[in-house]
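Here the chain labels run A, B, C and D in written order, and each chain numbers its own residues starting at 1.
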Amino acid sequence: MTYGKPITLADAKKIVAAAQAEAIKNGWHMAIAIYDSGANLVLLEKMDNTQLGSIEICQQKALTSVKFRRATKAFEEAVEKGGMNLKILSMSNVIPVEGGELIVKNDEIIGAIGVSGALSAQDTQVAKAGLAAL
Amino acid sequence: MTYGKPITLADAKKIVAAAQAEAIKNGWHMAIAIYDSGANLVLLEKMDNTQLGSIEICQQKALTSVKFRRATKAFEEAVEKGGMNLKILSMSNVIPVEGGELIVKNDEIIGAIGVSGALSAQDTQVAKAGLAAL
Amino acid sequence: MTYGKPITLADAKKIVAAAQAEAIKNGWHMAIAIYDSGANLVLLEKMDNTQLGSIEICQQKALTSVKFRRATKAFEEAVEKGGMNLKILSMSNVIPVEGGELIVKNDEIIGAIGVSGALSAQDTQVAKAGLAAL
Amino acid sequence: MTYGKPITLADAKKIVAAAQAEAIKNGWHMAIAIYDSGANLVLLEKMDNTQLGSIEICQQKALTSVKFRRATKAFEEAVEKGGMNLKILSMSNVIPVEGGELIVKNDEIIGAIGVSGALSAQDTQVAKAGLAAL
């Protein structure tokens, strides 16, 4: 898949609003970041009472996703297999924790979303709820 | 002035919306960051076609402001006087460039706003338009 | 001026080849970097016997240029005026040294070139010789 | 094996051209870096539409190789064995991922190549195609 134009702030806001609605519905406190197709930060929102560590983690998830053009869950599953795949832990620009998803429009990557704050499967659930709004 | 509770995301959004309205009215493209009273990022929005360097600069302005409990313009004016004041340039967590302003509620600091993207006096104008919304 | 598509490797190579030809003609040893419109490195070439420090400096010049949408000479001239402008020295993502130039195509920024290795006016001369090839 | 003179830019270009030809033949998009025997960057080329994360990874592979005088595959195989070898993951200047290869001339190390962008065995294939050109 190719990189396309950078996501607009308007699209980023739509995605984050939908993601936050999902988080609120479940009583989760989360930090959510959107990076564009050039790996530059476009939008970050930290909900009240989110664990402070999530501010960095949500950015790392989105960056991993856009820089390697895949959901971070792919790296998480590779690490789970162990063995040779543990090499992934040494890649300083990869966080192998699910909750980072590509944002695709007209078959091109326009950015990525990263979510952190709850269990990582819940982070993915919130990220996907955000993507569904686009 | 003392540090109070951290700014809520709702208040941060109000401020950024008003700041952006001022930027749009003037045709400026800006990045705006809100940090809370614990010096943690709460909200960052980069308008479309903002110069990429502003993503970092707006964060540094807000951080300087909240960490030193003053508007960044105070540091800029000190640098302007020269002499001994040039020591400020060596402080790695100070950016002496106007556009960073404290956010105060009930006489307590709840956070700071940092704006970057236009001339620095225009950055301040946008930051103050944001503060007026609280 | 707006950010356009990222520069292609083919265009980057054309620019660097022309810049190097100018450097060779003058007997200068230089490092030359091209970043794209998303501030990502596309091409870097260090000529034999270039001072090692230039490897980083050429990258910083190109990054400053693309992130702030101007030639780095603009920052150099501002610093030269002194006074308040010395604040620029505190901006961690700005290097106010000439030799960084925007790469523009169809009125859009597609990247930036940074050159380091000789006197800074000579760095600019080489950068501009590169741009002329596009 | 001893460190020899630093690789010339001309030799680095020969290697990268051959490596890229192999990548193009296979339809792979890759970033390729050459470091010299002093662990300094000489040449970096990012092909169009390469995943952005590879810009850093190709540099880390070449650096690991030249700094430890071995192919990065040696570290990858060690990690695969597990146990005590997992200590490698803590070495901040080692990336145990194949695709980094030494460049040897007259029995001396003159530099290293790092390739990233496809599966890591494919990265090695491209690196070796580059070495064959010297």
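Everything that follows uses one rule, which is that contacts are C-beta pairs under 8 Å (C-beta built on N, C-alpha and C of every residue); 3 or more make two chains touch, one makes a residue touch a chain.
Protein identities per chain, from UniProt: A, B, C, D = Heme-binding protein.
From a predicted model like this one, the values you see are computed outputs, not experimental measurements.
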Subunit A-subunit B separation of Cα centroids, rounded to whole Å: 26
Rounded Å distance between subunit B and subunit D, as computed from the means of their C-alpha atoms: 43
Multi-chain contact sites of subunit C, meaning residues that touch two or more partners: 3, 38-40
Chain-level touch network, classified as line, ring, star, complete or other: other
Pairs of chains, among all present, that meet the touch criterion: A-B, A-C, A-D, B-C, C-D
In the complex, subunit B residues that touch subunit A: 8-10, 38, 40-48, 52, 55
For the subunit A and subunit D complex, residues of the former touching the latter: 2-3, 38-39, 64, 66-69, 82-84, 86-87, 89-94
Interfacial residue positions of subunit C with respect to subunit A in the complex: 3, 6, 36-40
Partner subunit C, residues of subunit B touching it in the complex: 49, 51-53, 56-57, 60, 76, 79-80, 82, 86, 88-89, 91-92, 94-97
